[in-house]
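Given below, in the form of structure tokens, are the structures.
Both complexes below contain subunit A, partnered by subunit B and then by subunit C.
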Partner chain A sequence: MSLIESTNKSPSLLQTVWLILQKDLRIEWRQRARINATAFFAILTLLLFSFAAGPQAALLEKQAPGYLWLAIFLASVLALSESMRLENDNEALEGLRLLSTTPLAIFLAKAILNSLMLWSLGLLLLPLSIAFYDAHMELGLHQAALVLFLGSAAISAPGTLYATITSKLQAREVLLPLLLFPVLIPGLLASVKAMTLIYTGDPMQQLPSWLALLFGFNLIYWIVGGLLFGRVIEE
Partner chain B sequence: MLAQLDKVSKRYGRQWALNQLSLDITAGETLLLTGHNGAGKTTLLRLLATVMRPTHGTIQIFGHDSKTDYAQIRPAIGLLSHQNHLYNQLNAFENLELVAKLSGKSTENIPGFLEEVGLPVKGQKVVAQYSAGMKRRLAIARMLVRQPKLILLDEPFGQLDPGGVEMMEHFIQRWQEDTTLLIATHDIDRGKKLCSRHLHLEKGQSVCP
Partner chain C sequence: MTFVFNKVIPFLALGLLFVGHYMGLFVAPTERMMGDVYRIIYTHVPAAWICLIAYTLSFFASVYYLIRNKMGADTFAEASAEVGVVFNAILLITGSIWGKPTWGVWWTWDPRLTTAAIMFFAFIGYLALRRFITEPERRATWGSVVAILAFIDLPLVWYSVKWWNSLHQLQSSPQTVDAAMVTPLRISAFAFLFLYIWMVHVRYKIGVKRLALEQATPAPLAQGATP
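Then we have the complex of A and B:
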């Protein structure tokens, strides 16, 4: 028989996710360093691509969706590696574990926050990429927002897992992209293809297939991330 | 028996921090843990807190195995460690509110707890702006919110001013009424005054104090 008397009503999984997410949003808003650094890095990357391609308007316009996703992809390393730093200060993550918070709740809260951050970044970069590369969007903004959302979520789930694995290592800035990029390649390809259709038009109705593929990647990434996160944070 | 350690060992790389330690902890007792730096005091507390797993041996706490049933054990354990487990960008109230909500406890008593540990109730200062002593006081308030059954204190008098040390002693005496405590400290005289049993560790093993 258990010797522990429990009279407390523990919060449900969703309530726990919301409490951790609320706490993280408050902290991100107060420091804003991660948001600012990621946004400036991504904008700079977009500009650098245009310098690297030179004054070839046709080439820039054609490659705009790829450059947009590469900027999000590269900036995500900055955002993800910082996302676990606040949990390492004062061993706050250990404090969360001692409150008997389930690893799944911590994973979901962190991955949702990272998805929201990358999605917002994508929404910020979308008009900038159109302006920098003189590109046009043939399909609607809501379809672009959906692709950006699914692509951001596909980066965030494995990104949160690998950022947690590398967060206490000295060479985390080097190790995170080394571990993460190979895993993200299928998601990145699907995101670029879907975004290209939004920029150039979709006469063959291929967009739903790419969206379904992205959704499938997300399903796998989020389930595997949720299952493995407990093993990562428990010693 | 509240906790039972059976031939517990813990290794970091090639170094054994604890070596075949067996120990029974009875409910309601206050155990003083002493030993030189690296003797295994912190490791023992962290193993009992279930944030770390033994390399060999078993630990039963509240009748549960610490390796497999840690989710059942953790709500009843309070660990006051060097790290304090606080969020630097939240203020004192927000830190305690998060702990209360995640533990399913009421948030009504938080202002009272802050007053008890001598911290401002309506202070908007975030923890990053606190001194080490103030962080320690907030960590004590965190314990008051959670009301654990087994309290593990790692150097509880460290980082505190004389007033803080007195306050810590007061809380230890209060907790002794209905809680089991393990206190790891180098302040042996003060520890002996407060504890009912003394365990001295040397190279990860228990020796006669």
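Then we have the complex of A and C:
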């Protein structure tokens, strides 16, 4: 079923989200150069941190979770602004709105796409950060994957909203991080803390509270994002 | 009403500011532990209160704009946020000056300090964004969305940093502070409140005039000239 065919019988929210997501994933796959460039930018950032901290293995190992998240954060600005620039070319977003879609469906599809992209990036950077910084993971891979997923989703909900706003403005390169980074601080803090516990072990059982904070952050921003997105894209 | 806003409130603001700070500097007793350094609270604490009030009102005005689409609400939200940023800067600077002799550091990653700093940058972002949008309705809508997103972050920032690290002393209440110290603090707080009302009123009037200028027909067209 395509978006055009679906106009006869309106599709459910989930169907619409899935259709838009499919479209975006296809575009991303066909233009792999963009994903690759973002990934290499993030890997380069990981390398740069080790130059800034000097070749002290102990220090690098201690800071590994923080550097991993900072690399994802910096790369997220590129990924987010690119994902919305795509919709502004040839007024594609307008076309999407004219089909039987709702702003909520567009928001969810875009935010899920960004979450998946950042999550994949995180999963790629995790072994690299372990290799570069000689770090060890005390807890399991599934816990690391969960933290990476929740952190990526935390960036994506407000990130999609801000990227939509700034993508049409002249100073978007400066404005997106200026708006996004302050809001993301609780998400960053919780992600780094949770990742640190995964690297160093969690004898005090602190991981669940940081995961709960990340989950709460996600809940708030996904709901508010869904509510406000319609106003952001209205003409 | 104009008389109240143009004469009474500025007079009250400046008068109470003088009385409150005079009492704070010369009448209030010296604090036993911190000595005279503590006297900065007569600027620092009221600045914190007013800053929080300013952002809260900006948030509610933004919500109101999104519901009712009244440009006046957005103009007020911007005015309040801008004045809030000024008080926020005062808060951060006075806090830092007080922190050095008391804690031995200019800056520390305590929940209150960190939240104040993040609040500052979040609302600077809001004001910066508005400068880049020329269309008034769009500026108001996008501005409101950003103000709401920034404001709802505050409790999250506060709790996350609190779990992360904590050093700031518990906030004082009239029960924990000597009466001779409370009176100048109350006077200063009212002084800052009147200062806030005065500044927001002036900034709101500027906002209304700017908006009228933006929405006015360009002069050559109004005179019937062909473009």
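Of note:
Convention: the second predicted complex is superposed on the first by the 227 of 235 C-alpha atoms of A that agree within 3 Å, B and C clash if a C-alpha of one lies under 4 Å from a C-alpha of the other, contacts with A are read in each partner's own complex, and residues count from 1 in each chain.
We take it that contacts are C-beta pairs under 8 Å (C-beta built on N, C-alpha and C of every residue); 3 or more make two chains touch, one makes a residue touch a chain.
What you see is a predicted model, and the numbers here were worked out from it, not measured in a lab.
On the superposed subunit A, the positions of subunit B and subunit C stay apart, so the two partners fit side by side.
In the superposition on chain A, A:48 makes contact with neither subunit B nor subunit C.
When the shared chain is aligned, subunit C comes close enough to touch A:158, but subunit B does not.
By the touch criterion defined above, A:209 lies against subunit C but remains apart from subunit B after alignment on the C-alpha atoms of chain A. In the superposition on chain A, A:193 contacts subunit C only, with no contact to subunit B. In the superposed model, A:14 lies in contact with neither subunit B nor subunit C.
Angle at subunit A (Cα centre) between the Cα centres of subunit B and subunit C in the superposed arrangement: 90°, in steps of 10.
Within the superposed three-chain model, A:169 lies in touch with subunit C and out of touch with subunit B [touch as defined at top]. When the two complexes are overlaid on their common chain A, residue A:223 makes contact with neither subunit B nor subunit C. Once the two complexes are overlaid on the shared chain, A:94 sits against subunit B while remaining clear of subunit C.
For the three-chain overlay built from the shared chain A, the minimum Cα spacing from subunit B to subunit C equals 5 Å.
Judged by the document's definition of touching, subunit A residues 234 lie at the interface with subunit B and also at the interface with subunit C. For subunit C in complex with subunit A, the touching residues are 66, 114, 118-119, 121-122, 124-126, 128-129, 132-133, 141-142, 144-146, 148-150, 152-153, 156-157, 159-161, 163-164. Within the complex, the subunit A residues that touch subunit C are 158, 161-162, 165-166, 169-171, 175, 178-179, 181-183, 185-186, 189-190, 193, 209, 213, 216-217, 220-221, 224, 228, 231-232, 234. Taken together, the subunit B residues at the contact with subunit A in this complex read 2, 27, 49, 51-53, 62-64, 70-79, 81, 83-90, 94, 98-99, 101-105, 126-127, 135, 142, 146, 149. Against subunit B, in their complex, subunit A makes its touches with residues 1-4, 6, 8-11, 16, 19-20, 23, 26-27, 30-31, 86, 89-92, 94-102, 234-235.
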